[in-house]
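Next up: some structures, all given as structure tokens.
The two complexes that follow have chain A in common; it is paired with chain B in the first and with chain C in the second.
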Partner chain A sequence: MRKVLYYLPLFAFLALALFLLSGLFSDPRERDSASLNKALPEFALADVMQPDKIWTPSELKGETYLLNVWGTWCPTCNAELGYLTELRQQGVKIVGLYYELPRDPAFDAPFNLAELQKDVQQKLQQQGDPYQFNMLDIDRSLSLDLGVSGAPETFIVDADGIIRAHHIGDINPLVWRSKLAPIYQEWRKP
Partner chain B sequence: MIVEAGQLALTFAFALSLLLSTVPLYGSFTANQRLLLLAKPLAFGLFIFSAVAMAALIYAFCTSDFTVINVAQNSSSTLPWYYQITASFGSHEGSMLLWVLMLCGWTALVAQFSKALPLLLQGRILGILGLISAGFIAFSLFMSNPFARSLPFYPVEGRDLNPLLQDFGMIMHPPTLYMGYVGFAVAFAFAIAALMGGRFDSVWARWVRPWALAAWLFLTLGIMLGSWWAYNELGWGGWWFWDPVENASFMPWLAGTALIHSLAVTEKRGTFKSWTVLLALSAFALSLVGAFLVRSGVLVSVHSFATDPGRGLYLLAFLLVVIGGSLLLYGSRMNSVRSQARYQLFSREMLLWGNNIFLLTACLIVFLGTLFPLFHKELGLGSISIGEPFFNQMFYYLTIPFALLLGLGPWVRWKQQQVMPLIRPLAMVAVAALIVSLGVLASMQSVQANLALLGMLLGAWVGISALAEVMLRLRQFGSISKGITKLNASHYGMTLAHIGFAVLVIGVAMTKTYTTERDVRMQQGDVATVAGYEFTLTEVYELNGPNYGGQAAELDVRKDGQFVTHLHAEKRFYRIQRTIMTESAVHARLSRDLYVSLGEELPGDAWALRIHVKSFVRWIWLGGVLMALGALLALCDKRYRRKQTQREPGAEHA
Partner chain C sequence: MSRLACLLILLFSVNALCQEVLSFDTDAQRQLYQDLTAELRCPQCQNQNIADSNAVVAVDMRQKTYQLIREGQDRQQVVDYMINRYGDFVHYLPPVNRYTLWLWLLPLLMLLALFATGVYRRSRQTSALETPEVNTSAVELDQLIARYRSKKP
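Entry: the complex of A and B
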């Protein structure tokens, strides 16, 4: 028994090497979301502007929409606001999931809602407002469930609340036309 | 010509490394002393030729020889001369050569300072180092040659160095970090040589200790410089991002920290042997795995090098030989090694064992966090990502028990410690820590957040406990003034490093809690108030640098009407690489940094500015520096040198 114990590091390393070998032949940048083709996880999140209003998945059903994870702290998110606003004008429903970076839920840091509302309002006035409304993911629970790694990220959710696409990075005309628009059109209820 | 000379020198270095990896090892098994004696000159020759190769590459960069592909892709004639030198290790090929040079440098150092070692052991250690060098030189020569020419068609101007790397921090960061990575090769070679001979005693541990300490010293400094560079250059005001490449340097650091502590037990008490050897193997193994992760393209990272599966395959094969081979040897040889020493539950051995457990858990967490996305995907479970929150939370939970133990550790004796005598001094330390923490927090503008209090408490506990312990030891020599010179340098080193850790913990907790940051829109003359400081944008004007253009902003900072400082932030546009870089303006004080980065131009003659007031952020790097200084002090300990000077005459007779 003791003999085998000393070989454990070797076995662990060999297993690792196997993974590294297969990893060499796949592209790390190509990734698909774990939540794809699954229903939106359960949540109950407050509206950023009217904290009394609580949004739940069932209220969002009935129409295909984009769920856009963003924050005013994130330069790339701010850059895509303009184009998203254009999409809204073309009739695409976009819901914002506000990801508050400065406040880390693990540390219970203080949080000033009024200041955040002011920030958001100012940013949307400056860059354009693509959102129907914004949900505040203060504990990052929905972001975690969705497998969000940063901002901006965008999901396409169909009328039944099933996630149909997960895009990491900003949405620009090229990304929209080549990747997201086809999926959006496919799942959009006539 | 010079470039070909470099190529030739590297080829010679390869030949020498092959000789070094075979001749002395063969000699060691056939008891042929003449072959063993060859190890030293071979090691020196290897270092000289690799240094010539590196010099030739630097020459090619300084003369802007764009017929060399590596130069054309990573330098330009408008690049300032000091960045032309650093550009020589800014690319994958060049940094590999630097890696080789460092490895050969360590090998030469071992050859120089191993007079006290038995010839057999010396030959084996140098042979192992030669084997590792051979692997890396072959990689450099055949898979990623830094001297490759693009003749007959070559560009008239180079593509310039990545602007991110055009910074003072970048001049220092890679060489220091590589010194650390590669330095663990020495401890690795010592471990392998000992496994071959089956000799692990406190003498062996005393030989390894300075080498492990030196490698750890460089790695600590290298990581700290990297963090400092990211803070100044990336414009986000962050100092650690849990990026896979950062993690690749953090894992060997954690294993190395465990190693230097475990070595102390093996040296003083002759126990923990199999553990220490495994740590010596893993510190370097993790360096190698890190190099593989960075250079093979298995993971996505901001600073991985351009990728090529051929290189990845070569490195993986090399890992299999070096790590797999060493672990196989470990498995087959370690059965016969037994530790005899006995110790009680409450003893320094147990506490250091706890230290090792926490450090290795931390290492495992970083390892899994870094590689889990890869495992997950290769198992066909889809891709996921693990970000900052996971690591932050895990380290939050780990730091608390770790720091509590650390404050206790130095007080406890080897073998067995009575609980009662420690209660009074430690209670006093705890009370002092509480008073200091509350005092500091009360002096901050707002008393809030359990994180700051917790961090202060832990930091003060570790720091005050370390200081009090040193005072106690000094008093044991009779009087403090008498004791100051009598106490070992390594004891001061330990104390300083522990205080460094305390400073780091306080820095992290306070920065996380009290940092205020705002993104503002400002016109000339506007005033933005952040955390009591009034920032006035006095001027924005066009910049014209040697290889960049852009804008610069001038700001005046006042607090309560008093002028504090003048800040100069730049937003550079590098013409050849066509990239935008922020050069943040930083005004540093021990208690806070004022940090301004210039953003994009907004309509209406206005500018977006990001203003941070970062409390105690300096403490993070100060902690790193103190830890490195601690290691340096420990290295100066007479014990490591006395042994050598005593044995020198004897060694010369042989």
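Entry: the complex of A and C
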């Protein structure tokens, strides 16, 4: 009994040190998503390039795809365009959700669709175009419903419109291979 | 000096003009808005509430909170709305479940353990006092001597 008590502080210290050590290698931004295994929320969003075209969740059913939240203003999103384009060439369907920034009425120019289209076109020409099409989330309402905290974020949505993965941050070969590809393969099967 | 004061006054008056002006139907709603933006957590800038943060998502969440309160929703409805989208992470008061129960139990258990150790040590101390140390060692010594003698031929 005495011996156990004698070593107790050492064990307590070791346990604390191990706990804190594991904290050094964990990602504080990683957390469970609330949107997993839920259906895509209701929306009706205009296409960025053809604003007359309105996309709804039912039109997106039928094939597993990646829903990629991005914006031309976001450097990380621009950096991942190249790799996403590679994925598209391998047959992955990728839909873009354009995350428009809020505008301050006192300092910013009002929203201009033509300018945005020019921006998007230019960026996709430079970096590669991974998208089947882009939906314009002008007031970020769908992003809020999806639990998006910023750009870039990517969802894997299956053929029935159920969200199967939610990734915060960029997609690079490592993330794709270790985290997203297995889920994508699993849900792509008919 | 007065020029500096003028400049400062100008600076701060501009700042005051730039504040968001939100109108509410009742003071209770205004209070609810202030409470909720203080206890909802920004998913982007961790460890800031949405009232403090100027991240895009915090601005949107403030806007949504305002809109929901104006629609007449109560505190729980607004909190549920946010938790449905951003998870328990988004509220600074986590729900009690089997993972978070330890947050409440552990301090209590530590207090109990401390108290138990105190009682245990005290009882040992008093029992040690009741039987004098000298006596026991004298008895032990006698036994040792007896054993030593008995081994000798």
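Quick note on the criterion: the second predicted complex is superposed on the first by the 151 of 190 C-alpha atoms of A that agree within 3 Å, B and C clash if a C-alpha of one lies under 4 Å from a C-alpha of the other, contacts with A are read in each partner's own complex, and residues count from 1 in each chain.
By our rule, contacts are C-beta pairs under 8 Å (C-beta built on N, C-alpha and C of every residue); 3 or more make two chains touch, one makes a residue touch a chain.
Because the structure is predicted, anything quoted here is derived from the model rather than measured.
Asker: For A:17, using the defined touch cut-off, is the partner it touches chain B, chain C, both, or neither? Pick first, second, both or neither.
Answerer: It touches chain B, and chain C stays clear.
Asker: After superposition on the shared chain, which partner residues are touched by A:42: those of chain B (first), chain C (second), both, or neither?
Answerer: neither
Asker: Now for A:160: first (chain B), second (chain C), both, or neither, which partner does it touch?
Answerer: neither
Asker: When the two structures are overlaid on chain A, which partner does A:75 contact: first (chain B), second (chain C), both, or neither?
Answerer: First partner only.
Asker: Per the contact definition in the header, classify A:63: touching chain B only (first), chain C only (second), both, or neither.
Answerer: Touch status of A:63: no partner.
Asker: First (chain B), second (chain C), both or neither: which does A:140 touch?
Answerer: both
Asker: Once the complexes are superposed, what residues of chain A are shared between the chain B interface and the chain C interface?
Answerer: 28-29, 31-34, 102, 106, 140, 144, 147, 149-150
Asker: List the residues on chain C that touch chain A in their complex, please.
Answerer: By the definition above, chain C touches chain A via 18, 43-44, 46, 55-57, 59-61, 64, 83-87, 89.
Asker: Touching residues of chain A toward chain C in the complex: what are they?
Answerer: Listed in rising order, the residues of chain A that touch chain C are 28-29, 31-35, 101-102, 106, 140, 143-150.
Asker: Which stretch or stretches of chain A touch chain B in the complex?
Answerer: Residues in contact with chain B: 2-3, 6-7, 9-10, 13-14, 16-17, 19-26, 28-34, 36, 72-73, 75, 102, 104-110, 126, 140, 144, 147, 149-150.
Asker: Show which residues of chain B lie in contact with chain A when the two form their complex.
Answerer: Residues in contact with chain A: 274, 278, 281-282, 285, 289, 292, 296-300, 309, 312-313, 316, 319-320, 323-324, 327-328, 330-332, 334-335, 371, 374-375, 377-378, 381-385, 387, 389, 392-393, 396, 448-451, 512-513, 517, 519, 521, 599, 602.
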